[in-house]
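One chain, subunit A, appears in both complexes that follow, with subunit B as partner in the first and subunit C in the second.
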Partner chain A sequence: MRALAIAQRELSSMFASATGWLVLTGFLAVAGLFWSLSLAAYVDYSQQAMVTPYLASQLDMTEHLISQYFGSIGILFVFICPALSMRLFAPEVANRTLELLLTSPVSTADIVLGKFLGALGFTATMLFATAPFPLMLWQWGNPDLGAFVTGYLGTLLLAGALLSMGMLASAFTRSQIVAFMLAIAGALILWVLQAMGTDSWQAELAVVPHAQDMWRGIVRLSDLTYFAAFIGFFLFATHQRVEAHRWS
Partner chain B sequence: MIEVANLTKRYGATLAVEDLSFSVERGEIVGFLGANGAGKSTTMRILCGALGATSGTAKVDGIDVMEDPKAAKSRIGYLPEAPPLYLEMTVRQYLRFCARIKGTANPSEAADKAIGRVGLASVAHRIIGNLSKGYRQRVGIAQALVHEPQLLVLDEPNSGLDPKQRAEIRELIEELAAGETTVLLSTHVLPEIEALCDRVIIIDHGRIVAQDAVEALGGGMGVIKLVVAAPSAELAAKLEALDGVNAVKAKGDGVYLVETQRDLRAEVARTAVDAGLLELSSQRQLEDVFLRLTGGAA
Partner chain C sequence: MELMHRFSWVFAAIGALCGVVFLSLVYLYGGVTDEARYIGIFGAVAFVGFALLDREQLSEGANSRAGQRGLVSVLLVGVVAFIAIFGYRIARDHDERWDWTGAKRFTLSDESTSVAAGLQRPVTIKAFFAEGSLEGKRFEELTEGYVNASDKLTVEMIDPVKNPIEAERWDIVVETGTVVIVAGEDEQRLEARFDETSLTEALIRLESGEDHLLCWAVGYGEADPDDDREADGYGFAVIRLEGRNYTVKKLKLPVEGIAPDCEALLVVRPTIDWLPNAREALAAWIGGGGRALVMLEAGATPELAADMERYGVLMADDLVLEDSPEHRQAGVDPSSLLLFEENFESHPITAPLHGVIDLSYARSVDVDPEAEGVMARRLLSSSPYAWAETNFDDPALIGPNEGEKQGDVGLAVAVEVLDPTALDVSTEPQAAPALEGLEGAPPTLPSLVAADWSAKPGGRLVVIGDSFPGSNVGVYRGNNGDFVYNSIAWLLDAEDELTERPNEAENQLLNLSAIQQGLVVLISMFFLPGFAALLALITLVRRRRL
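For the complex of A and B:
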């Protein structure tokens, strides 16, 4: 319950800051641009498909539009999540407000979980604010509802992974800029790893590919396990780091 | 209410607190006195669970702070040296949040009550970042007492306040202590301690050098400043001969400083009256004790 109080405060402080609204507005603008581009490409493709029977057999709204939609948001999250997670611990240490949390009757697990959920709540708000884009598909077509459900799940898991990693970075420094740089370096490395070839273990570590199947409507146990292990590891590491504040 | 036993805190090679033991009874107001860096804040932070001790134990209401931190912390209200404020929140939002994480049954009610007690009603809707230092300090105190703890630990509650605000905070602390609340406060403003505290604990370099009732510590030890119209070596000799006088220093222009072991104002006045006594004043006694014990005496 007390973790929820911390999550709520975190969420409302994002909305109380100019940064929060700036990130939200910028995200919606760019996501809207991506959406109209992929919609235009899909319209082009389907017009060609009318005269080319082979293309028509390949035309798939889930494959060519819905997964594009989630893919573009996922890429934006690689850059946005570090900007959100940098605020989680660094300013609390710099302004000495962490002292309030550490001396209140809440456990360190409550603090870490609350902050994580607050940041995840903000990304969920951003994500669902884009819902009107795909909703317009029902006006003209019959998109696969399941792909949307798994797509949103995959995107949230991706955001959770990026945020948990950024939260650890934020717990290591009192500077938000340093926290941001560390988090974005981590996010970019985990993104670029997918270029290491499809069968290598390095590519298995890459974070975005584990969300990709969910964007196409496929949920694999291995992907869910990956995200659970990833987020669990970074939440635990952050817990240990915050606990170490008592000993420094 | 507080039992601290053999508490030691080491930062690397530096010993911040060394083998500290003391206890505080329920309802007492105890002052923690010491120079900057003497270990006051470190001890308070350990007591409130912000810091782990290298060895030793700290108990609040019989509960070990390390063993059952949640139960211990719910009994403590703590004001750190720098009030831990979220500057982007309003006073009321902030206190509601504090009341929630401290586990009060009705956070809104608790916040409003704290606002009333500390006199924040006129700024309750304002953003903390826009408040003056005095108000911020009060928000910090409101935060410490929002869950009506049995023990208040206040680290320099008066720092940066003007005399009027100090008097208000002092009244508030007295009012709290008149109830059941136990108060441990640190300061290096000596008159505060004399005005407020039942007992003083003086620490220096991480060790307790004295702890006693304020009167007992002050206990007549002190310096009497004397101004006479006709200074003479004879007067100095007479003063020095009084029972209980340690030393007499002539400062010129008829000014003498008489170091005494107990309250000798009457005797000193009687002796000096023939030399044309113009002025007699007794300097802060606690200050003297403090300087003597912490090795800061001239």
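For the complex of A and C:
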């Protein structure tokens, strides 16, 4: 419950300043641009398919529109999540407010979990603010609702993974810039690992392939476990790092 | 030694640099090359050197309280990492998959499951794909469902580069992937498409020794069964039929009549009206126990359409238009009809279908309640909001008018001939229709009916008031292809082929008007971000006031 209270405080602080809203504005503008371009390309493709039999047989809204759109949002999160996570611990260390927090009657686990949930809540708010996009498509076309549901789930889990990693980076330094750079380097490494073939251990470690099936409407136990293990590991590592401040 | 101690950080830097280069090489070459290995070892040695040079400081740190807690912390993190990896490995080895798509696009169709379950002998699928290729991974995923449905099916994923002997043995030349399906001495190959349809059809071909001969009537401007380029061609449908052990042969009806070895006659979208002797040949074929599928477009071949009456089928000179946007393609075109499950009448052809049938420029087809000697049943009906438009001259009159069929308009009919004499077949030569400008008696057309023709019950006929469902551009939409293939299967009494087939391309078209596209841009790029920006502004102003 204390973790939830901290999460609520984190989330409120995001929206209490104009910065949170501006981040949301920027995200919606770029996501909207991606959506408009993807939709225009798909409509064009559809019109060609009306008269070109081969295209008609290949046309697939889930693969060519929904999955692509969530892929674009995933790329955005590679940059947004480190920016959100960098401020979770680094400024507290720099301003020496972490000591205050650690002396308050909340456990380190509550602090770590609360800050993570707060950041994830903000990411979820950003993500679900794009809900009018699928609603528009639903009004005019025949999209697969299930693919949208799993697409949002996959993207949220991807964001969770990136935030947890960024949070660890933030706990290791007092500089937000360093935390941002560390987190973005980690995110990019996890992103490019997928290029090493689908069966290699590197690709299994990569974060995106575990979200890709969800962007297509498939949920796998292995992918859910991957995200749970990934997030769990980084939250635990962050917990250990923050705990170190108690006895250092 | 003092100097080395002072610059011990250089060893650490070299170690870190080597680590980065090592990772980069592994990324670039997709594995640990010799160079990467040497650099990695060098980096590790550099780190060991750093540890040895700074051992006193490190030891001091390790012996301190903080150092010991730190060590415990590192060990705990290591244990958690092990648990995380171990847990993931267990989940991966016992993976479960849930298909959340509305149309269950990643779940095997009933037909594929039934084909796999019905395998009579051991079948091995040898899939030659480069290790780690996306196409190979997708194919392996696809085969999971087949393997679960049959204990006679085994799948071998083979990398032709790593197993050149096996690749040569099976004559693998296509680099992008080849699938060889082997059962005893028989084999089938897939070299271009590796989807569910292709695999299921290959298994059907492998298991079924039975071939069906379909005769495609030509000579009156029919659709081209070889055309796989134009939207109205029938090449795609024919390719799929051939993938299921059907042979499609062109038949020059005006000169050859209907060959007795045909199992079914396909009459698809003739644009020139049939002459009387051809119409009698069709009647003799049906009356002699033959089977035929007739697809006639609105406004074409009025004589042939009128002649359907002898089979208990009424085809009017009309065009079915839809008033309800929900039953129109993209909600726009009234001549493009979307028929849902509630529009499918009860019949073995339509019973397995649960999707959408998409018709375009269809004419009405209905059952003649007064017909004798035949049992005709409606297959498809329009929505209650459609009507059969008969006025093509005055646009002002277009709309449901008195005398026009309104609501639940018939669009396809299936007929079984009980008493062939009711068809009133003539084996005599027929008089040609009189032509304008030609004086004298019209010439006589030779009979296309064999002199020893005899009536035989059991003839079957399916009449559809549109040819769009089987056309290249229409066959992949919803249940369109299934409807045509099921019609043919019903004609041939092939009950096991009456099913809903896998379809990789459901109705996926998205047509937006310019206004709708503008609205998308307005909402996505301006309205939503603008709303968030407004809230940012309000927050900023509020904070300044505080």
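FYI, the second predicted complex is superposed on the first by the 247 of 248 C-alpha atoms of A that agree within 3 Å, B and C clash if a C-alpha of one lies under 4 Å from a C-alpha of the other, contacts with A are read in each partner's own complex, and residues count from 1 in each chain.
Convention: a residue touches a chain if its C-beta (ideal position, glycine included) is under 8 Å from a C-beta of that chain, and two chains touch if they have at least 3 such contacts.
Please read all numbers here as calculations on a predicted model, not as lab measurements.
Superposition of the two structures on subunit A shows subunit C fitting alongside subunit B with no clash. In the superposed model, A:Arg9 makes contact with subunit B only, not with subunit C.
Legend: residue contacts after superposition of the two complexes on their common chain; A:Pro105 is shown touching subunit B, with no touch to subunit C.
When the two complexes are overlaid on their common chain A, residue A:Trp247 makes contact with subunit B and with subunit C alike. In the superposition on chain A, A:Arg96 makes contact with subunit B only, while subunit C stays out of contact range.
More residues of subunit A lie in contact with C than with the other chain of the pair subunit B and subunit C.
By the touch criterion stated above, A:Val149 is placed in contact with subunit C alone, subunit B being left untouched. Legend: residue contacts after superposition of the two complexes on their common chain; A:Ser17 is shown touching both subunit B and subunit C. In the superposed model, subunit B and subunit C sit 170 degrees apart as seen from the Cα centre of subunit A, a figure rounded to the nearest 10. Taking every C-alpha of subunit B against every C-alpha of subunit C after the fit on chain A, the minimum distance is 6 Å. Shared interface residues of subunit A (contacting subunit B in one complex, subunit C in the other): 16-17, 247. Across the complex, subunit A meets subunit B through its residues 2, 5-6, 9, 12-13, 16-17, 95-107, 246-247. By the touch criterion stated above, subunit C contacts subunit A in their complex at residues 23, 26-27, 30-31, 65-66, 69-70, 73, 76-77, 80-81, 83-85, 87-88, 90-92, 94-103, 105-106, 131-134, 136-137, 228-231, 233, 235-236, 330-331, 471-473, 476-477, 504-512, 516-517, 519-521, 523-526, 528-529, 532-533, 535-537, 539-540, 543. Subunit B contributes residues 45, 48-52, 69-71, 73-74, 76, 78, 80, 82, 84-89, 93, 97-98, 100-103, 143 to its touches with subunit A in the complex.
For subunit A in complex with subunit C, the residues that touch the partner chain are 15-18, 21-22, 24-26, 28-29, 31-33, 35-36, 39-40, 42-43, 46-47, 49-53, 56-62, 65, 129-130, 132-133, 136-137, 140-142, 144-147, 149-150, 189, 192-193, 195-200, 202-204, 216-222, 224-226, 228-230, 232-233, 236-237, 240-241, 243-244, 247-248.
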